[in-house]
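Have a look at these structures, which come just after this line.
Two complexes, one shared chain (chain A), two partners (chain B, chain C).
This part shows the complex of A and B:
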């Protein structure tokens, strides 16, 4: 780390550093302090609040933890939340990866157009996008009107307040988070490698799975991490499109903190969400490192 | 939560009804329905029968109107103010047919989109939907509409007591109360000098003394448990 910084300091940044007579750790101090004050300290406070038994936060104890983990219903909620993340990751990969492959082969002018279309949803607030899906998926919404109009169905499909509808809408809402890292990594792929693979007799599918996919793994893993973290915590989408019959951890956190004002229990549920999502993310990162490790070995 | 300071000095509260000290607005809870899609239901129990149940939008105990509606529904099946179990049992039986189960704030949006055509709600929501040109009518259930009040309280030990009283006086005064009856607030006033909006389910505020009122001091300790129960009963 110090060596890389030393190498960097030989270029532009070096003169400023020499002028200010600062070490690397001193330059990183403002951000580190902000991180400690605005992220680490509140997180520790959350951990502290979780170790109280009552909603008035007066009796320390493990009561809230026992209450939450003593109820089998909550294990189902944790499982459903993580499963929702996994399903959304799978659908975004299935649709996003081919789109990224199309992107890298497009001429530069069309690439700009495609990037604009991909980034366009991000220009709208996620709340607006979520409510727009009610209009699309509703009983009298676009999908049902089109399908009934062409005569494929006679009764409207139930898409809103179902997991299918939720995954469909989350796929669109989270798609930019998958596509942007993927495209960023895949654009830097050396096209000679694909040509070399073809020249050596590999079919297009073999080239895809043995050359392109492993090389694009960092972008794919980054996209999966972002989509997973975002979809498991997407409270607005889960409750507005999924409804209250699909119960995930963010809904429980909202109920305990802003409806019932039981802060210790809300802290317990929040920490459970953080730990469970981070565990899956750590596993994904590990798998990503393992699969791309052999490329540079 | 602030401690409540009881108002001793009533001289500035001369304009409001004697029963309604400390109150600054009313809401009335009943049943809203789309008259073009379903006939008018007569009472809470109708919500669980055809043709209403397949167009019903439900919500849980997260808000006042949801809690008080479910209590009234439960009373139709042998429950009481503190026992909502019968309502949950009956709802569970018809759950596969119910059109939508959502967060309280999402219900007007679902109604507007035609996702549900009948729901329990308050007069404020009905007035808001009507104001946007949506087909909706309010029905007072046979067993009685529910009245609840929005209140203002002075925090105990405040340094600004005189100004707090002035603010209370302002809010229950005619000008502010009149403004509160209009969109987007659509409150029912406490000030007797204010003309009631035309589409309210009552001609004068005196009728409200016949409405159902709930003792929230008894409900509040139970609500957290009810919310968890509702989650478990409604979960797919």
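This part shows the complex of A and C:
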């Protein structure tokens, strides 16, 4: 704290600072106030509203919680939502990790091109990316046209409004969130470690699983967390590609709050979403901290 | 390095190379396909597109036919500009205060300010709707600016804090020993050095605001809706091919913006760190 502002004041130049009795940390106060008024207060109110029984918000009670957790269907929705996140994490790791491996071996000119290709979709609107997948996966879309063209299928496959189509789309939509932390950690790996492993006779697979993967664990965990959090709450992609037959928690929240106007129930569902997503994230990052940085084998 | 190429090494090349190629294909294909589709002559999203025309772009830029889309785009720009502006001021002040602070409380505060990135956006959107309606506000662009400020500010805080912590303390010491006041040091030494970090964060925050769905979904109405919300409506209703044209414009804009940011502040480098 004394580094930036307080230090300079010792020379007498900080008379204003001394006059205002300003400590460096107090520069964070405006942001803290904004957060108190616009972030903490709304969330506390949301928790409060969840403890009302009726949509007019007049009778306090646990009615909305009991209603939501009394219905077995809702457990299935919670499970489906978390499972969708897990599936998306698996597919992004499966193809994203190899891409990161290839990236660190590329000459720096090609690295620049590749990072551009990775980041550009991140800057594209999620709505645009979702729309793009409708065009690709639709009945007359690219995948069906290509597969029919080379004669693998005779009837168009139904890809939209299926979980498969949704997971494929989310893999692309969330991919940058996996790749950026992975690449950040893997570019800092000492190349000598790989050479040493090879010189000692380890195959490339063995080097991958005993040297590179353990050392890149912090990036991998960070990527998994971001992808999981983002895919479980990706309302637009879930509703547009998944359609009305695939139901996830964000859709329930939207229905209860903006269609049915039952805010207490919507509050219960959205708090359940927060708790279930954050507890998976906490468990993942705990496991990540335990396993990171150790070399095995 | 001379090594025997075993079966394992060859299979490694095939599997890793194959999966990486698949990854690049999955990342790039939708963008290319949507660009191609936007130039179709037809009235559907069929692939491959029939013919080539700028028809859908002409419709999109026609003031009378696409008035609502233009309005939504202007709303998006206004919300993104103001929320980024406030975000830059608040986040820069806060990181000046916290970045070099070694106290535990400073780390706690930093994590707290970053927490909107982890909290599901839809939960914050609903909370903001309930909160603002309880306080008696009607949906307006101002509320949306306030909501976007919270969810986009962390991007600015992150890059600014990163560049502040890379700042060489010797520079501040020399500035001080040469008799500069802290304000002079701030203006002539610190701010110029962290400006690229602030700019990169501001750019990411701006793009995040333009892209935001969960907050806008709850805080907008038919008059104040933003571009993503309007596009979502168009996709749900009729699959209007104009959405492809809007996408084409957004892809081009993101491409140009990214080139500019890459040349000026080295954006991708900052995102990797």
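Note that the second predicted complex is superposed on the first by the 255 of 297 C-alpha atoms of A that agree within 3 Å, B and C clash if a C-alpha of one lies under 4 Å from a C-alpha of the other, contacts with A are read in each partner's own complex, and residues count from 1 in each chain.
FYI, contacts are C-beta pairs under 8 Å (C-beta built on N, C-alpha and C of every residue); 3 or more make two chains touch, one makes a residue touch a chain.
Predicted model only: the values in this text are computed from it and were never measured.
Contacts of A:166 after superposition on the shared chain: neither chain B nor chain C is touched. When the shared chain is aligned, chain B and chain C each come close enough to touch A:131. Look at A:270: by the touch rule set out above, it reaches chain C but stays clear of chain B. Contact with chain B, but none with chain C, is seen for A:244 once the two complexes are overlaid on the shared chain.
When the two complexes are overlaid on their common chain A, residue A:93 makes contact with neither chain B nor chain C.
Which of chain B and chain C touches more residues of chain A is settled by the count: it is C. After overlaying the two complexes on the shared chain, residue contacts for A:73 are found with chain B alone; chain C is out of touch. Contact with both chain B and chain C is seen for A:140 once the two complexes are overlaid on the shared chain.
In the overlay built on the shared chain, the residue A:177 is in contact with neither chain B nor chain C. When the two complexes are overlaid on their common chain A, residue A:84 makes contact with neither chain B nor chain C.
Shared interface residues of chain A, touching chain B in one complex and chain C in the other, are 131, 134-135, 138, 140-141, 239-240. The touching residues of chain A, counted against chain C in their complex, run 1, 3-5, 7-11, 13-14, 16-17, 24-28, 30-32, 34-35, 38-39, 41-43, 45-46, 49, 94-99, 101-102, 112, 114-121, 123-136, 138, 140-142, 145, 168, 171-172, 175, 180, 183-184, 187, 195, 198-199, 203-206, 208, 229, 232-233, 235-236, 239-240, 250, 253-254, 257-258, 263, 266-267, 270-271, 273-274, 277-278, 281. Within the complex, the chain B residues that touch chain A are 59-60, 62, 99-103, 106, 109-110, 113-115, 223-224, 227, 231-232, 234-236. Those residues of chain C lying in contact with chain A across their complex are 1, 3, 6, 8-9, 11-13, 15-20, 22-24, 26-31, 33-34, 37, 44-48, 86, 89-91, 93-94, 96-98, 100-103, 105-106, 109, 112-113, 116, 118-124, 126-132, 134, 146-147, 149-150, 153, 164, 169, 172-173, 175-177, 179-186, 190, 207, 210-211, 213-214, 217-218, 227-228, 231-232, 235-236, 239, 243-244, 246-247, 250-251, 254-255, 257-258, 262, 267-268, 271-273.
The touching residues of chain A, counted against chain B in their complex, run 55, 73, 76, 131, 134-135, 138-141, 160-161, 163, 239-240, 243-247, 251-252, 255, 259-260, 262.
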